[in-house]
Amino acid sequence: MSMTLSTPLMNQLGIVKRHIERAERAAVDQLATFGCATVHEAMGRVGLMKPYMRPIYPGAQVGGTAVTVLLHPGDNWMMHVVAEQIQPGDIVVAAITAECTDGYFGDLLATSFVARGARALIIDGGVRDIRFLRDMGFPVWSKAVSAKGTIKSTLGSVNIPVLCAGALVQPGDAIIADDDGVVVVPAADAVRVAGVAQKREDLEAEKRAKLASGILGLDMYDMRGPLAEAGLRYID
Amino acid sequence: MSMTLSTPLMNQLGIVKRHIERAERAAVDQLATFGCATVHEAMGRVGLMKPYMRPIYPGAQVGGTAVTVLLHPGDNWMMHVVAEQIQPGDIVVAAITAECTDGYFGDLLATSFVARGARALIIDGGVRDIRFLRDMGFPVWSKAVSAKGTIKSTLGSVNIPVLCAGALVQPGDAIIADDDGVVVVPAADAVRVAGVAQKREDLEAEKRAKLASGILGLDMYDMRGPLAEAGLRYID
Amino acid sequence: MSMTLSTPLMNQLGIVKRHIERAERAAVDQLATFGCATVHEAMGRVGLMKPYMRPIYPGAQVGGTAVTVLLHPGDNWMMHVVAEQIQPGDIVVAAITAECTDGYFGDLLATSFVARGARALIIDGGVRDIRFLRDMGFPVWSKAVSAKGTIKSTLGSVNIPVLCAGALVQPGDAIIADDDGVVVVPAADAVRVAGVAQKREDLEAEKRAKLASGILGLDMYDMRGPLAEAGLRYID
Amino acid sequence: MSMTLSTPLMNQLGIVKRHIERAERAAVDQLATFGCATVHEAMGRVGLMKPYMRPIYPGAQVGGTAVTVLLHPGDNWMMHVVAEQIQPGDIVVAAITAECTDGYFGDLLATSFVARGARALIIDGGVRDIRFLRDMGFPVWSKAVSAKGTIKSTLGSVNIPVLCAGALVQPGDAIIADDDGVVVVPAADAVRVAGVAQKREDLEAEKRAKLASGILGLDMYDMRGPLAEAGLRYID
Amino acid sequence: MSMTLSTPLMNQLGIVKRHIERAERAAVDQLATFGCATVHEAMGRVGLMKPYMRPIYPGAQVGGTAVTVLLHPGDNWMMHVVAEQIQPGDIVVAAITAECTDGYFGDLLATSFVARGARALIIDGGVRDIRFLRDMGFPVWSKAVSAKGTIKSTLGSVNIPVLCAGALVQPGDAIIADDDGVVVVPAADAVRVAGVAQKREDLEAEKRAKLASGILGLDMYDMRGPLAEAGLRYID
Amino acid sequence: MSMTLSTPLMNQLGIVKRHIERAERAAVDQLATFGCATVHEAMGRVGLMKPYMRPIYPGAQVGGTAVTVLLHPGDNWMMHVVAEQIQPGDIVVAAITAECTDGYFGDLLATSFVARGARALIIDGGVRDIRFLRDMGFPVWSKAVSAKGTIKSTLGSVNIPVLCAGALVQPGDAIIADDDGVVVVPAADAVRVAGVAQKREDLEAEKRAKLASGILGLDMYDMRGPLAEAGLRYID
């Protein structure tokens, strides 16, 4: 149930890995139905990107398999290289080697990504042509929105492990994103986590009904004893 | 027209105050119709929370009486304790003892809060299950959106005075929130401030009509004299 | 094709310049159809305001000629002075002499600005009465939303060159703003830039069609050679 | 052991309160010897200002009684008014009605404050003439350093309760500041807190000696049992 | 007393202007003795860079004539180009076309800059080899410190007008920097501003002596009347 | 030259790994002499922590082997657990499961860490007792300084891979830190990277001498040709 990661690979620029092992599609699609918060819980509360990653429009909820790209600041050349590696159901995860809010992605690249079957873009940088992206229904989670254009002159890499917004993403990992944020599930764990999430979801439906009927969490979770033991005092 | 505040109470953890004096309901409801900016003006420009407090979806405008809760970072145990103290028409105001953007509140707690009659949540931290909250129409003003889960292990307090996003909130105070932000009106001042706000609103309607007809503020407010006296020069 | 800028004017407070040379209306209106990112590209990637400038509601796309105003922190007196200088088709660009997020602009000023024919407000500070502005369809790009009121006691200037959100704006410049941000086109360049933008737009339509059909940017832009030359390696 | 706070006073501008009840000098001086972290612990972990408050030079450690001043953004007029209210051993605590980093305080005011017997300035804004202040040994804790000058045109208040950097400060409270930050002790609690801090300090000296000798906190605090009970597992 | 600025030049990349008109050396050196805050006041409170520009070590106070350089994010190629344009007494002012905190400057470039006679670097980005720079006494004011290296592949420009940290800098302008920040004086204004600053400094020495003797600013500036007129009330 | 990383381990809380493979001591000590920027270059420009990680006092330059600890927000219990795992020459690297600036580390823990042979602490959170740490010469690189105390109630883990300030750290990795920041060298790469860094350092000494003698980088690096080819134009 573990996997090996060749960390030196993280150091290398100018590499495109063509064959990656993707998380099982059915599990990814199932994870997508639960949304980011539930999957994050099912993962044991790890794998979440930083909360500065926000969707460019509200309401999207997607899941897909990661193809990763590492970009140089102010340079989106590798975006065209990663486009070729996209397979239907993938989500592109873009990391930058430095903090830079330029707009690395817009309407043309979105058109190309969609033609390749991409479901979304996750980028630890900026994006532009927001209205176009919203109109075409291509969701993006990003650190910034910026009309600032980029050049195409420096190599990065495609499908190497990347650190994106505080999370380690390996090519093929399952990515789940919605209005709450973005979570990463290692490919090898996707099936297991989907099972855990399903159980959690089943339990929550029941709890939700109880709470909606007016039952308090204090009683439903039997918290009154532990709270008293911890020293909680009620005063008037 | 003043009130006493036992400041040492702010220091105490592990306390739940059951009986609080709430601002008069009719005044709170009237204040809600004016919105945050007008009430803030009627207050004499005090009581506003920091502008980083933003609604999770646009368009909500609410007023209610504060029940307060002080949380430990990364721990939402007291959210269940405060739920029991909610009365219809209340707004929960949550402060954290440290800066932490975790998601302290989501669909289950929202279901419980709504069942108790809460109108909104104001939290100087993070919140999750945004889409669910939007769909059910439960507004939240927060510092962040984050899927990051919290634990339930440390005591805080309920219905003590708290500092939330730069504003002092005492249990029972009137809270008015809309797309512009969140303002706090001391319970004892609610009726008076509602009156001031109503007068201001009446005046503004008249002013708005004049400005819409093309009359300049320069003339409507008789500013040309003071501006010239202050040294304003027109050049070509 | 160059223009003169009397920089010492930037130093002067208490001045209102009444006659300014506005960018040609037809060019400005044409620029507005392209949006911020395309115009920024047509400008040679300059003139963009910092990405912290965000619209108060999504979907607006406007162009207009700048009337500028320099405000003192926490003081919006000059907003009434600038209102008189607005001509139909103008966009007010407001800079503050210090970083301050107060709400310098709300429903009354918006009513006055609209009566004068203003198309939008760009402000390197805060704004309030957001819902009112959205309902009346008056777009604002700002650094913050804040209900915090301002006073009217200190002089600034109107129609002097200002630095707003990292961009130099001279009165009469063309301002193009949409969901991607705000870009400034010098008045003397408006016609030429509109032409460049139109050509770019024509080209993009063609490219978009190709990319939508599945052709890769790698091939459309003939990038494979340069990438190989730069050392890109494909591995399995 | 409690005190009354007339909160409406927080609303009023244009007021100078001349007679305030200061924390007992001996207790304040004793608190100063412990430093910010120890006093914060002795307070029960409340009363701390936000960590963005930093000293303008390292190494200073002071204690004093608060005289408070509320300033308008970009306006330091009230700094001259508060100067007159300073008594030897006081620390001036300055809050601004909005977030603004201007330099409200420099060499002239520092000269005046020192002549009046002030020990330090705590300001939720900016300060300038840093080198001068360091050379004369007048410590300041601030949100920013900025050469930006301010005007003198709008009233604030002196010796009213203020919210400064997230902490409630009432005139006369004890203020303790060092490289770790700034903590506020209610005047009525100063003697008691000094006692608690002294006990804590005595205990810490003993603990420090044990830890220095190589004894682990795990053993000194008897943590091994609770850790095992909580589920901690050692693996190889 | 005005000067012309060819703004389209700001748009052009790939240009090195060799001959620039520098502010008069004697005036620049005189301005340096006053420091940033006094010069900013003498300028009429304009020309200041944003307060996020901080010195890499405390205590430096310098003045020089600006040679400007515009860099691409993550690329310091033009730093070598600007080195050749440095004349003894110059200060290099570096702007980046996007926000990027990479370390564009370190020990080797500093060695070269010093050999050319540069007095300091002002950079709206990052810098590294801080200890080396401090040991050799070469002061830098920057937005960040970062060991992150940059590439050398994209053209920028040298000696064009730049917007650096919110201030317009034209080649040849006087730059004054100390612990308080960085201020820009247009070359044509240097002599006049130095005169104003000298007068201000003379006045301040006198005022400082009065304040040190215990005279209050309230009396020295005759503020009591205006304060009373503005409504200031003293209470007990 | 690669190593395996069991990523699921990153998910587990409540684990202490006792036996880790440390980078070779001699290589680590050699790396420390080069400093952060040179090692980062020798690594191929990867492995750097975010630039918000700053030393609590200037001038420290250290190298050591990582023992890692994952903390819960507002809880430093595991700091005592990690203390036992410290061996002479280690550097403790502390990650928090959420963004929280509390002061997790102070004089007592520092005394214990030093007694165990620790050389430094790297923490993606806050630290306190700064003056004590500076006086005893124990360097810390942190995101914040805060007197805010923490509790001891929730398990984290020790010696699992952690993401700290944007960098992946595995137990045993070499950590190099100085005024420029913090860089991580995988244990298996330490010897090789030390060799590369030494070569780079040798070359730089030579380059530095040339630049100091007045030779330009333009000539030393033969940049004039490439710059001209890229289109650089010199104008007067």
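Which chain is which? They are A, B, C, D, E and F, in the order written, and residues in each are numbered from 1.
Everything that follows uses one rule, which is that a residue touches a chain if its C-beta (ideal position, glycine included) is under 8 Å from a C-beta of that chain, and two chains touch if they have at least 3 such contacts.
Computed from a predicted structure; not experimentally measured.
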item: Set of chains whose contacts include both subunit D and subunit B; value: C, F
item: Touch-network distance, subunit A to subunit C, counted in steps; value: 1
item: Over-half contact-pair match to B-D, picked out of the listed pairs A-E, A-C or A-F; value: A-F
item: Numbering shared by both copies at the subunit E-subunit A contact, with half separating same from different; value: same
item: Cα-centroid distance, subunit B relative to subunit F, in whole angstrom; value: 42
item: Inter-centroid spacing, subunit F versus subunit C (mean Cα positions, whole Å); value: 42
item: Subunit D and subunit F: spacing of chain centres that average the CA atoms, whole Å; value: 32
item: Per-residue multi-chain contacts in subunit E, two or more chains; value: 45, 51, 97, 99, 101, 148, 154
item: Touch relationships between chains, expressed as pairs; value: A-B, A-C, A-E, A-F, B-C, B-D, B-F, C-D, C-E, D-E, D-F, E-F
item: Sites on subunit F touched by subunit A in the complex; value: 1-13, 43-47, 50-51, 97, 99, 163, 166-168, 170, 186, 188-189
item: Footprint of subunit A on subunit C - complex, ascending; value: 35-37, 40-41, 45, 48, 51, 54, 58-59, 61, 178-181, 183, 204, 207-208, 211-214, 216-218, 221, 223, 227, 230-236
item: Subunit F residues within the subunit B interface of the complex; value: 72-75, 97-102, 148, 151, 153-154
item: List of subunit D residues in touch with subunit E within their complex; value: 14-19, 57, 77, 79-81, 83-84, 101, 103, 106-109, 111-112, 114-116, 126, 128-131, 134, 144-149, 152, 154-155
